[in-house]
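One chain, subunit A, links the two complexes that follow: it is found with subunit B in the first and with subunit C in the second.
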Partner chain A sequence: MNDLTLMWKNLFRKKTRAILLLISIMIAFFIYAALFTMNGALNAGVQSAKANRLVTVNSINFTVSLPFAYYNRVKSVEGVVDAAHASWFGGYYKEPVNQFQTFATDPEAYLNVYPELITSPEERAAFINTRDCLAVGRELATMNQISLGDRIPVMSNIFSKQDGSRSWEFEVCAIMDYEPETGRDVPANFALMHYDYYNEALAFNRDMLGWIVILTEDVSVNDAVSRTIDEMFANSPYETETSTEAAFGEAFLSQLGNIGLMLSLVVGAAFVTILMIVGTTMVLAINERIKEIAVFKTLGFPAPRIFRMVMGESLLLCFFGGFLGIAAAQGAITLINPVMKNVLGELSISWDAMGYGALLMLGLSLITGLLPAFSAMNVRIVTAFGKH
Partner chain B sequence: MRQTLAVTALNIKSIPQRLGMSLATVMSVALVVAVMLGFMALTNGFAATLNNAGSEDVAIILRAGSQAELNSGLSRDDVVLIETAPGIVRDAEDRPVSSAELYVVVDGIKRSSQTEANLPLRGVEEGAERLRQGFTLVEGRMFAPGAAELIVGEGVGREFQGFDVGSTIRLGSNVWTIVGKFSTGGTVFDSELWTEAGVLQNLYQRGASYQSVRVKLDGPEGLSQLQDYAENEPRLSLDIITEKQYFADQAVGMTRLISAGVALAYIMAIGALAGAWNTMYSSVDARVHEIATLRAIGFSGGSAFIGTMLESLMLAAIGGLVGAIAVYVIFDGMSASTLGGGFTQVVFSLSLTPSSIISGMILAIFVGLFGGLVPSIRAATVPLLQVHR
Partner chain C sequence: MNLYTLRDLSKRYSRGGEAVTIFEGLNMQIAQGDFIAIMGPSGSGKTTLLNMLGGIDRPSSGTIECQGERIDNLSEARLSKWRAAHVGFIFQFYNLMPTLNAAQNVELPLLLTKLSPKQRKEHIATALDIVGISDRAKHYPRQLSGGQQQRVAIARAIVSDPKVLLCDEPTGDLDRVSADSVLEMLQLLNSKLNKTIIMVTHDPAAAKYARRELRLDKGRFIEQESAQ
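Take a look at the complex of A and B:
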């Protein structure tokens, strides 16, 4: 019988107790892994942001539009490689509750600025050359059962045409995907339309744009470019604010509130709980076995070996329970993926989550195992046998 | 009965011998209840802020199909037509009690994160104060007509920096003077900045356009009179609903947060249940001889069962109480803000309601009940002979 078998046997000598402990550890790690993954999905936009991509918005707020003339002036700023403008269309499809996120833009420039947005060369050409073409993201198309070649109306809950109608007719001539290797699997849940097709029909707010996305030569010129742009429009009725794509995304997320803190509190609460449960149980379990440990010592087991055995039991418990929990979280995520895919993208537990999880397991087993291991190591044979 | 009491007393008196485990159980139940109540306090606070804002006798009028004020647009002509409609309360000079409004989303700096967040800068007309129940100026004065002056809601002052009365603030290319602070008793309007509608139209290039008209409804028939009028007027294409309904629709998204939070608490409860089970199991284990002795001298299995069960329930109930008290002390009344339905920040106070405390306690009792069940059965069925051998 080697030490590992001994540890395993010791752990499961009281089956109910071991299983209960495993369940509580499993649940804590389940919560940890599930929330870690959720948080990652929420931040996906920030993580997929390119370092040399900037966003220019109205300095009042990003919901306030800018004059279209700004686009050409921004494009000519030194250090700007390419730029695309976009306007929020406020689209919905069929029912007002069925939001259909649509941006009006210059197709070629937009696809240049977002190289991770891919479509076949034929579809790309069709999109660029057809005025009433709508390029629909894969996930959005699936969700609404739209396929290539369909003619569909998209309504706006903000804009109306000069004839009073609020519906724009499109031919779906491109389906867009996000290149999978750009980090995470971000869902393409929006559609793109020609700015001209949108602007010409508008009853109001003509020749305005929502925001400008800029590709700079290099990260090192970011600051200079954003300063030049914002200074160019200072003291005009439409002042601008230019920031990196990542900063823009983070600022938007933080508007929802301190999600990170909230998730940490929940995960923290779950871990404090198991820390106490596992900790006290381990102390108890070793106390019950003091006599046996004394027997081991009598038989000549060196103190470090006893220390290792108790410590190992705790490690075994935490890692076994921990990985079970992470596996369960992966199972749950796989289950909800078909439902959530279009909103959050295909989720899975990242190696990061695994790594930090393993560190947590190690920490947990050290905290819960050290005290019993020391007391086991220091058992005095005479005292122990005096106990009953 | 006396047996049960005796056994229970014995159980409880012996808790100090298992202090560590008992405390762990109490704390784990406390944390589970705290997570659940924390989420509930968050949602209740948010919902209360929206629900209190909506009044049954105020109608909000938007362009048809726009769903939210931000998307809506009404011309001066629309507003004039609306103000002549029946079903609206009129004052002594026969003017309708109404306010045509528009808002621009502006950036404010959140105190907590030092990041920019959306705030509504609302342009209002004279009737606006009368259309918000409980509107009071708590500091300073009202903005003067035609001036670039603002009054700020209490919530804005609390959560955002730079909005003290007397100071000036730059929003876009315009500089505003803050001349007063108002309160509507913690409703969503406390998260807004107000100025005169005309000033806002001028400074932010809005021409003569508005986004919404709020009107005071004349009795319970008012709404349908107004709706009939708008339907029969070919020049108008409007959505007219009570303000209460408008805000109720906006609160829907937040309910998802609560269901996610409560689901988390339930999952954690399973973990705590395992902990309670474990504790009670050890409790029975430690007293196996004692229980067997009691049974041998004539105590019934039932009293052993109830004694153990009561110990478990007591630990769980204490845990539940500790959790509820902790949430009350730490979170109740705490100010928070999030992005609301109007795409702008809603400042609200977390509030722990009695009904959520009851839900928390029920969850705690469940943990105690199911955690104690199997160990209690074991206590009741200790095989006397085996133990004493």
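Take a look at the complex of A and C:
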């Protein structure tokens, strides 16, 4: 027997109480880990941003289009090395629920401004030279069991053709991957199509584009380039806003609501609740044991050791419950992965989430354990025995 | 040889702003190997005295020496160490840990020593054997009778081999038969293992097991004629 055994036995002396406490801590960490992971997935685009990549969008909002003519004018701005345009097609495959993110673009330019997006040289050539070719990201292709050479229709839930149909027919002639060396764990979960093939069939919104992606010479000219571009189109019907790709990604996310704030609020509320429940329960549990603690002291257990033993119970409880909660979140994520993959990519709980989680567990155990540990340490033997 | 020397010992409490004196100017010596029964009316300060001898309470004035070392002015930390090394306590209501079985309860004082797990096992087995309860080692307190629980408590008190056993009404909660067997055990520990025993009791029959009987009344000791 050692102090750990003693702590464990004390913790589970009332099984129901211990299990309820464990469950409440589990739930808090389940919420924490699940939301942390969601947030991480939504932010992955922001993290994959490159410092010398700028994005020009309509200053009203990035969902509002710009005239196609802007593209050539942007390309000629001093400091711009390369530029590509992209338009949101808003696709789905087979079923409306089965999202199939597709952008209409100039293939060669797009692959140039996104060098981390790779295909074999043959596929790259095929994509650039075939008007009805669809280049599909590896993860998206795997998920939808699409392979090279397949002929597939992709529907738009935004646009229709002049003939009224919403379906564009494609031949899959390239599969794209993200360069593994970029070290960023972003799934290639989107597809690219030729702008011309998309634009000429459109019933409305023709000769417009969604946004322009710019590669600058260097990070140092970013500010000058964005200013020049935005001034160029100032006072036109389509004013622009040019910012770094990371900023664009964040703006994209803020459309979904301030997820970071929501995360903090939900997790915060869960933790304050748990804190109060666990804190009160620990104080009560120690009060019930005043006499036993007095016996420990009588036997010669020094005050610091009693402090550690009570603190240890809090630590055990919080870490045990916390890791169970994170494990449960991993289980849940594994279950929803098949459904959510198209939107968020394959999710799993990161080491970061674990690390911060462990810090939270430590914080929780310190806050809930300090008070009981102090009062246990300071129990006066004679007074405690006086209470029959 | 003297184990304890008490000089000019006083204990006062303030109760509702008013000072209450439990005893004053108490002098006393306790010899090594003695077995003393302390009797006296309720509220006469028997428990208070025993607590001071065990280093869990302090006198208001006066000194307590144990083996030439003053214990009334030791720091809390040093008193803890001193208690672990020198005294074993036996209480009226056993005070066993309900979450631990008999052997684990007996093991507690050994957690404060440097003994290896194997040595601890041997000590526990010996202590349980001495009190005759080896067959109940794996039982939890709630599975034991009062007499059996008190035996476990005695095993816990002697397992680290202290010189002194301090017993506060050790048979107060037991029937006659169990009480007698516990008292016989104390007598045995005194005569065979040379433990000094100081026992507070209300029961004249229990006091007869001691070598000496003292009456504490109105803050004074009155020696009774010896039992043996």
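One rule holds in what follows: the second predicted complex is superposed on the first by the 308 of 388 C-alpha atoms of A that agree within 3 Å, B and C clash if a C-alpha of one lies under 4 Å from a C-alpha of the other, contacts with A are read in each partner's own complex, and residues count from 1 in each chain.
Rule of thumb we're sticking to: a residue touches a chain if its C-beta (ideal position, glycine included) is under 8 Å from a C-beta of that chain, and two chains touch if they have at least 3 such contacts.
In this text the structure is predicted, and so the values were computed from the model without any measurement.
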| item | value |
| --- | --- |
| Subunit B versus subunit C as contact partner of A:R138, first or second or both or neither | neither |
| First, second, both or neither for A:R13, with subunit B first and subunit C second | second |
| Partner chain(s) touched by A:R308 [first = subunit B, second = subunit C, both, neither] | neither |
| Which superposed partner A:K161 touches (first subunit B, second subunit C, both, neither) | neither |
| Touching partner for A:K75 - first (subunit B), second (subunit C), both, neither | neither |
| Subunit A: partner with more touched residues, subunit B or subunit C | B |
| Residues of subunit A defined as touching subunit B within the complex | 16-17, 20-21, 23-24, 27-28, 30-31, 58-61, 63-64, 90, 96, 155, 157-158, 166, 204, 235-239, 250-251, 254-258, 265-266, 269-270, 272-274, 276-277, 279-281, 283-284 |
| Residues of subunit B defined as touching subunit A within the complex | 20-21, 23-25, 27-28, 31-32, 34-35, 38, 65-68, 70-71, 73, 104-107, 110, 112-113, 115-118, 171-173, 204-205, 209, 261, 264, 267-268, 270-272, 274-275, 277-278, 281-282, 336-339, 343, 345, 374 |
| Parts of subunit C lying in touch with subunit A, wherever the complex brings them together | 51, 54, 56-57, 76-77, 80-85, 89, 91, 95, 97-100, 104, 107-109, 111-112, 156 |
| Of subunit A, residues touching subunit C in the complex | 1-3, 6, 9-10, 13, 291-292, 295-303, 381-382, 385 |
